[in-house]
Structures are given as structure tokens and as C-alpha cells.
Amino acid sequence: MFKKLSLAMVSLLLLPSLGLAEEAPTTDVTYILNTFSFLLSGALVMWMAAGFAMLESGLVRTKNVSIICLKNIALFAIAGVLYNVIGYNLMYSGVDGGWIGSLGLWVADDAAAKGGDFSLGYSAGSDWFFQMVFVATAASVVSGTVAERIKLWPFLIFCAVLTGIIYPIQGSWTWGGGWLSEMGFSDYAGSSIVHSVGGWSALTGAIILGARKGKYKDGRVIPIPGSNLTLATLGTFILWMGWFGFNGGSALALGTVDAAIEQSTVYINTNLGACGGLIAALIMLQLLYKKVDLTMTLNGALAGLVSITAGPAAPSSIGAILIGAVGGILVVLAVPFFDKLKIDDVVGALSVHLVCGIWGTLAVPIFDSEASFLVQLLGVAAIGAFVIVCSAIVWLVLKYTVGIRVSEEEEYAGSDAIEIGVEAYPEFGRGSSSMRIG
Amino acid sequence: MFKKLSLAMVSLLLLPSLGLAEEAPTTDVTYILNTFSFLLSGALVMWMAAGFAMLESGLVRTKNVSIICLKNIALFAIAGVLYNVIGYNLMYSGVDGGWIGSLGLWVADDAAAKGGDFSLGYSAGSDWFFQMVFVATAASVVSGTVAERIKLWPFLIFCAVLTGIIYPIQGSWTWGGGWLSEMGFSDYAGSSIVHSVGGWSALTGAIILGARKGKYKDGRVIPIPGSNLTLATLGTFILWMGWFGFNGGSALALGTVDAAIEQSTVYINTNLGACGGLIAALIMLQLLYKKVDLTMTLNGALAGLVSITAGPAAPSSIGAILIGAVGGILVVLAVPFFDKLKIDDVVGALSVHLVCGIWGTLAVPIFDSEASFLVQLLGVAAIGAFVIVCSAIVWLVLKYTVGIRVSEEEEYAGSDAIEIGVEAYPEFGRGSSSMRIG
Amino acid sequence: MFKKLSLAMVSLLLLPSLGLAEEAPTTDVTYILNTFSFLLSGALVMWMAAGFAMLESGLVRTKNVSIICLKNIALFAIAGVLYNVIGYNLMYSGVDGGWIGSLGLWVADDAAAKGGDFSLGYSAGSDWFFQMVFVATAASVVSGTVAERIKLWPFLIFCAVLTGIIYPIQGSWTWGGGWLSEMGFSDYAGSSIVHSVGGWSALTGAIILGARKGKYKDGRVIPIPGSNLTLATLGTFILWMGWFGFNGGSALALGTVDAAIEQSTVYINTNLGACGGLIAALIMLQLLYKKVDLTMTLNGALAGLVSITAGPAAPSSIGAILIGAVGGILVVLAVPFFDKLKIDDVVGALSVHLVCGIWGTLAVPIFDSEASFLVQLLGVAAIGAFVIVCSAIVWLVLKYTVGIRVSEEEEYAGSDAIEIGVEAYPEFGRGSSSMRIG
């Protein structure tokens, strides 16, 4: 299914599968409403970058807080520029059933609309804005997993390649009208195309980087608690809120009755997916450990959100709760699983975005009879294989040229003291506790 | 006045009293705009849940921060599911002048609109979403008052009953078209129906729970300062912002000129109510104590917001400032009053949401000649009596079965260490100060 | 160019210069959409007040955190009331090419629209709301610069004069249709009219107040690190998000195809300006100091945002990146420059809002052939001269009556302990470190 091209084409492909009536021709009012939906939804998705920043700075140790803040806001800036200069056209220009678009700077073309032809359905700029914030989301996923041990500049270079090249190419396959879309692969707002892409990149990076010193010792997993759980909670709330734009805006329209109804359904199901994920994680924790855990509960909500993202328009309310709940259960199981493999994921992003991204994509056919389980599986595998190979190449090139891992000295002292020169909380939070681990 | 049912019925009841012209028949554009208003306003109200979480985690002590975060996000998840499974229909389905709706899972019915009949005025799903976030707000009020001494699971069970049964039943009386609405009770966005309901539940809970150890000692009130006032400030800003959706969206429409003008008035008055509340509290503090206080000033803004909520469409700008200012004065007086009664309200939620919720409801007739002071008083009393009785039953059943109060050991050590197993700020904030009180 | 008056007049003046087609007559739908754009954009700008609060409370020392929170939320309340009682009419009522409007309480007049005449283009209330949040922004700029040494009440009095009188008068010159607008001065969303006004007021205040004790000692500049860089990061993200409303809403319309396209362009360029500013600052820091710095990087993003604000509708994407990048470079150079002059600017607001506000205003003619560099320079100078004189008078009157600077004792102990009586983080952050400086 396309995520761009003319609205008319989208309708043709997408709407019949949802049982919606055919749409009326696009008028100026429809055009304005679709545009406004992209802009406001996009602003909400931009806000998710702040959510990732707060979540991650709450889950690292004090000594690495400034640098995780810096990474999160810098990657958003880099993603914006790269997607403008190269990414967008690579994803959306002339893909035509293939696997890659064309090279070239993106330039808004709204001449037709200004001349009274509204068939594109929305202003070209609003579409670019909405797509751009999605790219940034994929990069935000990566920073959490590889935190507390990766060097700043190599990380930012990786983000530039991810957002300028890797993400757009795989995105062209489905949302750009490429080969996966022709096969019928369905990923409404990007459980695979956004979240698993971030997840695969993060997984490759985490393996190549290795675990933090002291995380795995004598066969045991040493818990390294986050330094600021209120910020982690705030980050989760921000992400939850932003997700209404992420999934709701992915209706790609607002200006028809059917689109407005679809956005309503998507808002409800997005919310209920998060509810289901949180409650399931909470119950699982109580049953498994006789104790709840705040960080894991937050990840439960996020797991529900990622899980519902591939198909939020089709399920009933109860269906959305269940899809989210499975995500919440998965995340509680996946976190110790990755630890068992000694893959050190600082914030649990692999469990949330990769595992639940896959689950959400595979769950689409349950409620959408037009989707095929095998095609969904193929999409997951193709995207995974491509992103693993590409990101491994980038990580390895960086590793054997500039290096990607901070020195042992820096890891003990914290990147804030060494790379940034200023700590996040200079008047408190110092002292032995921040160097306790390792 | 209905808060749901067809827009046409709302217009019939509500608009003449505001002196607005009769509306044109609902078109598809009106339908889309009304729907979009519900969705975006609802997202802003959802954001208020984050505001409560930040406000409350800023006002408890470090040792109880993780658990208050957990409660706030978990109650939002529970409210969403319960309102879907039982609450909505109990509040809005077939009330017909009575005092309760019908049992049953809520299912969106948009067949009419898809068939070209737009008389409902908005998509059923957008209305559900908007109503659901209001339920969660009522529950958010409770968590602050009973913080630092209530057990996690009993609290969550209480929230489930509140959001699934108690809130919807009393809500049906007015917004569901029940007996109070037939009498002409007027509560635009819920000073009574949302805020006082949270307040009454919290009051009952606080009395049954008792005060925190060490709060009232030898006839004196021991101040227990909040641990993080920047978060409390952030929470207040979030609530202020979210309130534009809370009150603005309660116009229940956007797609007519009159509705757009009404939303504008509501935005202005909501803002000026908060301004009046804050400034009045600030001046009161300076006059009474020769010193201002941040927490109380924040509560002044919130008091203004709660006060204007029952009737934000009718007053002039100056009227809105004055309604808010009375709220700000009330909150400065109410906080020591509750302390005198030894009712321990950790964040001042009773003073803000209950006292000002009542004030705001009673203030409606000042600017709205259609409203009657006696009916407003009756509404306040009926809602209060119902919620006190119901919530007392639930709190007492919980108390004498699973217990609602944490052990004395847990209260001293903090719930984070005992129930959650991880503190919010493990690298700072520990030590003697967090156990200073008691 | 007007920022108010009828939409038709705005179109007449503004649109030809942007090469947009003439607009269709205003219908009810256009009216509703324009109104809704003002309300939602205004809510986003209101949210910027929270951004300033977080940024500033993150960049002051622990001992002055409560009071900076209090100032930021109180100034927003004061701005709202003052702009209602006096400011709006001073800025927008009967300016007619002159330099000041009329005295009088603002009252919404929507009778024409209710009677079916939509030529104003939007509800009067929505316009007031949108203009009001801009006033508050100017005041927010001031609080950061003069933090950690100014008394609470004199500061609030200054804010009242700034938002009630100084800002509206200079605003009338351009957005109110005064003499600068007649000369063709162009400032789309207020690089000069909002940001530099805050900057000039802050500069005057900082000079009259003097530096913090211990900031400049024996010819050296003593760095005083902020206490909470996650909050500073959060504040920057909030400002970034809010800026979509700030600049996007300044299209003053949404309900035509041309306006929707214009808002899209503004969103993109606003975002890319921030990206350019951040990336340029990051690179500059690495080149100059061989080390990056989080605070300065955040200021780079804000510098980009301020720089693009005077003309976000005209440049291409690359143009927007470059305008922002120059801002990012300027901010890295300006911060040590002000320190050299011993002008103590706690958060770097002069470098961000004043320096880049001027730069952004002067950069307008680069991409907008209708704008004249000399007129832009004249506007910058006239606004600067007026605000410097007026604010100096107010600061000096306050200084020689009630006094503006806290006692030396209070400055050492922190305003939170002395003026507020409660610290922001009472359980951590105390001790020697917070009194280390001086």
C-alpha cells in the first residue's frame, strides 16, 4: 500500500480493503483538511523525538545523560536535513514497483493545486513534513539501545546514513509503491517500516559494539537502574500522545467522511493498544516476579503502541486491546531473553520496537482479510535482512576507521565528563553511585 | 444539557441559552470538523494525564515517586479499557431522563454517516475517544490525594470501579440526558461531573485511609515538601495546555461558525480563568504570609481552570478572570482548612478539584441566565452524595478484604523500595532526608 | 504588513509578494478553518511558555529553580490579563499608519460573522488568543537573562508594563498597520517584534542589574553550569514544537488552498531552520573547542528557530537551512562576546533572541524581493531604540524605588530559600555545590 502518491491511488488500493465507500472527488476543502492533518499529526510525531529523549535520558545513568540528550536532538536535526537532501526522493520518486527511487534534492511542487487541480490531495510540503518526522523516529529507536558506550560523532554519522539512505530505500518498497507494495504487504503506520528498522539497526549496532562493562559478569546479569524514572514516565506519555499523530495521520487524509471516521478508529485503537500492552505487562510482572516494575510497565505501553501500528484501522476495540496485550507480554519476556544472549539494550528498545514491530506486522491478517500472513512474513524478513546487512556494513566501516566505542576510561567516568565536559546534574547525582557498576 | 446524543439535540438545548443563531443542517464538512475537534481536543485531554503524573510526582517525596508514576499511567490504561467495556454505554445509552444507561460493550456505529446521513454530527468513535479521556481525568485527581500511603493494586481496583461504574452513572444524569439534565443542571466541561467526582472519591479515600505518619503531630501540621518542583511546574503547564482541549472540545462542535466562535470564547476564558486564579493566589499568599509559595501558586492556576470549567462559554473576559480569581483565593484558604481537619491531601487536589469544582458549578448562573442556582446546588449535592456513598463502599470493601494502606515499614522506607523495587532517582535523593519526616 | 485587521486586507498586502494567487471570497468554512488554526496554533505557542520555564530552570543553579519556575508561569498569567485589559487595543485598534492604537478593554465582536458576514476571516476571539500568547513569549525571553539575581515582584511589574504597554506599542507599528508596515517592514512571525523585543528588554535589564556575584572575577569568566540539562533539553524540544504554531499560525489563515500551502512551507522551513542552527552550532563547537557542549547545541537549535521566524514562507528548503545555520554560528560567537562585555546572560537569551532576531529580520530580503534591506534595518533600529528607552525607564524607576536586585545574602543562599521558602529539590541538590560559585 502506498504511503504517498496521489490520494486517489491510495483510495483505490486501500479503501476497498477496509470496506469503505468510494470517495468523492477531491475539493479544495478536502485538500486543506488533508494538509492540515499532515501538519498537525507531523507536529505530534516531531514531539515523539522529545519523548525518546526523555525516556532514554531517564534510563541511562547520570554520567551519560547530557550526551544522550545531545544525541537525541542532534539526530532529529540530521534526519531533517538528510531526508530533504536525499531521502525523500529515494523513497518516493519514481519507484514504480521497484526497490529504490531516484537521487535528488526534494523540492515542493504545488503548482497544480495553485492552479485549481487538487488531485494530489494535499500540499506536497505537508506530506514531506509528515514523512520526515517518521524517519527521525526510526533513528530515535537506535540511540537508546547503543547508549552509554557509543561515541558521539560515529553515532551521528550512522544516523545520517540511516535516515538518508537505508530507511528511504526499504521504505520505497512499500510506501513508495515498490515491490512489497505490489505484493500486498500491509504496514499502516510502520510497525516494520519504522520501528523494526530502528530495531534492526540497533540490534546490529549493539552486537558490534558489545555490552557495557560490568553488565554481564560471571554469568549473571547486573541490573543497571536508570537515573530518572519520572523523565522515563514523561517520555512514555509523550510518545503515547505523539502516537495519535503517528498512526492517526497515517490515514493520509481527513477531508472526507470516511477518512474522518478512519482517523477516529485509529485514535481509539492506538489508545487501546497501549492500554492493553500496559495492563498485560503489569499483570505478567505481578505473576512472574510477585512485584511490578515501573520501567517494564512503561515498556508495556510502548509495546502495545508498536504492536497496533501496523494495522490500527481494522480491529475492533477488543481486538486492539488484545494485539496490544500480546505486545505487553512479549516485552516482558523479550527483555530477559536479550540479556540471556548478552545483547545489552540499555532501554529495552529491541524488545519494544523490534519484537513488537514484527508481532504487529504479522498480526495484521487477523483483522484484515486482504492481508496475507505469508506476504507479511516476507516483508518482515526482507526489511530485516536489508537493514541488518546495510547497517552492519556502516557500523563495521565506522568501527574500523574512526572507531565506535568510547575508551574504557570514558565508559567508567561517563561520556558527559569526557566528551561533553558538563554533566546533566552537576549539583547532585555525582559521587560513587554513578560509577558503582563495573 | 447533553454532552452527547445528536448535535441537533444539543443545539436545541444549548444554543438558545447562549444567544447563538440556529445552526444550518449538518454537512459532511461540519461532520469532519466536529470529528477532528473531538480527536485533537481528546489528544490534549489525554496529555493532561501526563500533567497529573508530573504534578504528583513532583509533590511527593523521592521515596514514593516511582509508584506515583506507575499509578498515574496505569490508571489511564485501566480507564480506557473499562470505559470501553462498560462505562460508555452506562453513561450514554438509553438514559432517557433516568439515572443510568444500559450495560454492554461499546461498539462504534458509523453506518449512517457512511451512508450519507450526517445528523449525528461527528463520528461515533471520535465522541467515545473524547469522553474516555474525561473519565481518566477524574481518576487522575484521586491518585494525588491518597499518595504515599495507599497500596498499588487496591488503588487500581478502585480506579476500575470509578471509571467503569461510578463516574458513568453520575455522568449519565447530565451529559447522558438523565434526570439532572432534564432539570436544567449546567456543567459545560465538568467542574462537578469530572473534577468534583474525582475530589469526592479522593476525600472519601483520604478519610478512610488516614493521614501519612508524621503529618499531624502534637496538634501541629508538619510540612512535607515535594521532591521536584520543576516537575510540578511542568505538570501544571501541561494541565493548562490540555485544558484548552478539555473545555474547548466540550463545545462538542467546530464545524459551524457559531461553534467556532464558541470555541474561541472558551479558549480565552479558560486561559483567563487560569490567569485570574494564579494572580489571586499569588497576591493572597503575599498578603497572608508575606511570602509567595510555588506549589500554592501552581494550585492557584489549576483552581482557576477548574472554576471556569462549568461555564466557560458565557462570561466576558473580566468575568472569567474573576471566576478564576475566586478559585485562586479559595484554594489558598482550603489547603490549611483540610489540614485543620487532619485530612491529609498530598497535592492539594481536594482544594483544587473539589472546592473549586463546587464553586465553578455554583458560579454558572452569574453569567448564564438560563441556569438556576438551586438546580446547580442540587446537582452538586446529588453528585456529591452519590459519589461519597459509592466510593466509601468500594474503599471500605477494599480495606476489609485486601487492605488499602501500606505497612508502617513500607511507609517509612517508601513504596518505591518495597513495592516497586526501584527508586526514581537511584543515584541521588537517597539518604536521611527522604525519611526525615515521621 | 498587518498581523491583524481583515483577512482581505492582509491578502492584499501580503499575498502578491509571495507570488500567491488571489484568494476566493471568505466562506463559512474558510472562517472556521482560520479560526481553528488560530486556536490550535495559539495552544502550541502557549506551550512555549512551558518550554521557556523548563529551559531556564534547567540552566539556573538549584538554589534558584523554584523562583524561576514561579516567574515563568506568573508572567504568562500577567501577560494574559494585561493584554486583555490594555495591550490588544493599544496594538490593533485604530493605528491607521500611526505609532499607537487606542486605550480600552478588549471585547470580542463577532456580530458580523454571526449575521453571515465572514469578511473578518476568523473569529475575533481566536485572533486575540493567538496574539496574546505572542506577548507572553516576549516576556518569557526576559526572565532567563536576568535570572538568579532579580527580585520577584519588580520583575513581575516589569512584565506587566512590557506586555501591557511596551510590546503593544511597537507591535502596532507593523502588525497593527502603523508606520513601519506602511514603509514595508516585513517580520512574518516576529524575529524583531517578539524575540528582539524580549532581547532588548533583557539586555537593558542585565546591564542595569549587573552580573551575578562571582561570574566575572579577576578578568576571567567563571562558568556557572546549569543544574538540570535534561530539563533544558526538554524545554528546547517544547519550544521547537511550539514554534510550528508560532510561525505556522502566523500565516493568519488556513482556509484557502494557498494558505494551506503556505502553512506547509512555513512548517518545513521552521523545522529546517532549527536543524541548520543546531548542526552549525555543533560543528562550530567541535572546530573551535574540539568538544561539543549540550547547552550551546540547544541554543543553536533555538537560534535557527529565531532566525527563520522573520521570513519562513519565502525561502527554499536549502535557504531555510542556511538562514538557521548562520543563526547557529552567531550564537556560538555571541555567547562569549556578551561575556567579554561582562553582560551576564544566564541562559544565553540575548545571543539567541536578540542577535538572531536581528539577523533573521535582516535576512528577509535575501529570499523576498519585496522586502528592502534598509527598511528592515530601520525597523530593527526603531524597535530597538524604543524598547531600550522604555525598558530602561521602567527598570530604573523600579531600581530607585522598590529595588530590583536581591540582597547579597539572598544571592548567595539562593532566592528559593529566602523569597520562596521552599527549594525545588529539597531532598537532593543541597549542600556546598549550590553555593560553590562566588
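Letters A, B and C name the chains as they come in the text, with residue numbers starting at 1 for each one.
Just so it is clear, a contact is a pair of C-beta atoms (placed from the backbone, for glycine too) under 8 Å apart; a residue touches a chain by one contact, two chains touch by 3 or more.
Note that this is a predicted model, so its numbers are computed, not measured.
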item: Angular offset of chain A relative to chain C [C-alpha, multiple of 5 degrees]; value: 120
item: Same vs different contact residues, chain B with chain C, by half of numbers used; value: different
item: Length of the line joining the C-alpha centres of chain B and chain C, rounded to whole Å; value: 32
item: Per-residue overlap in chain B, given as positions that touch at least 2 other chains; value: 29, 40, 228, 234, 425, 428-429
item: Footprint of chain C on chain B - complex, ascending; value: 20-21, 29, 33, 37, 40, 44, 61-62, 225-230, 233-234, 236-238, 240-241, 244-245, 248, 254-261, 263-265, 267-268, 271-272, 274-276, 278-279, 282, 286, 291-295, 297-298, 301, 316-318, 321, 425, 428-429, 431, 433-434
item: Touching residues (chain side chain C, partner chain B) in the complex; value: 28-29, 31-32, 35-36, 38-40, 42-43, 46-47, 49-50, 53-54, 57-58, 65-67, 69-70, 72-74, 76-78, 80-81, 84, 105-108, 110, 113-114, 118, 123-126, 128-129, 132, 152-153, 228, 231, 234, 419-429
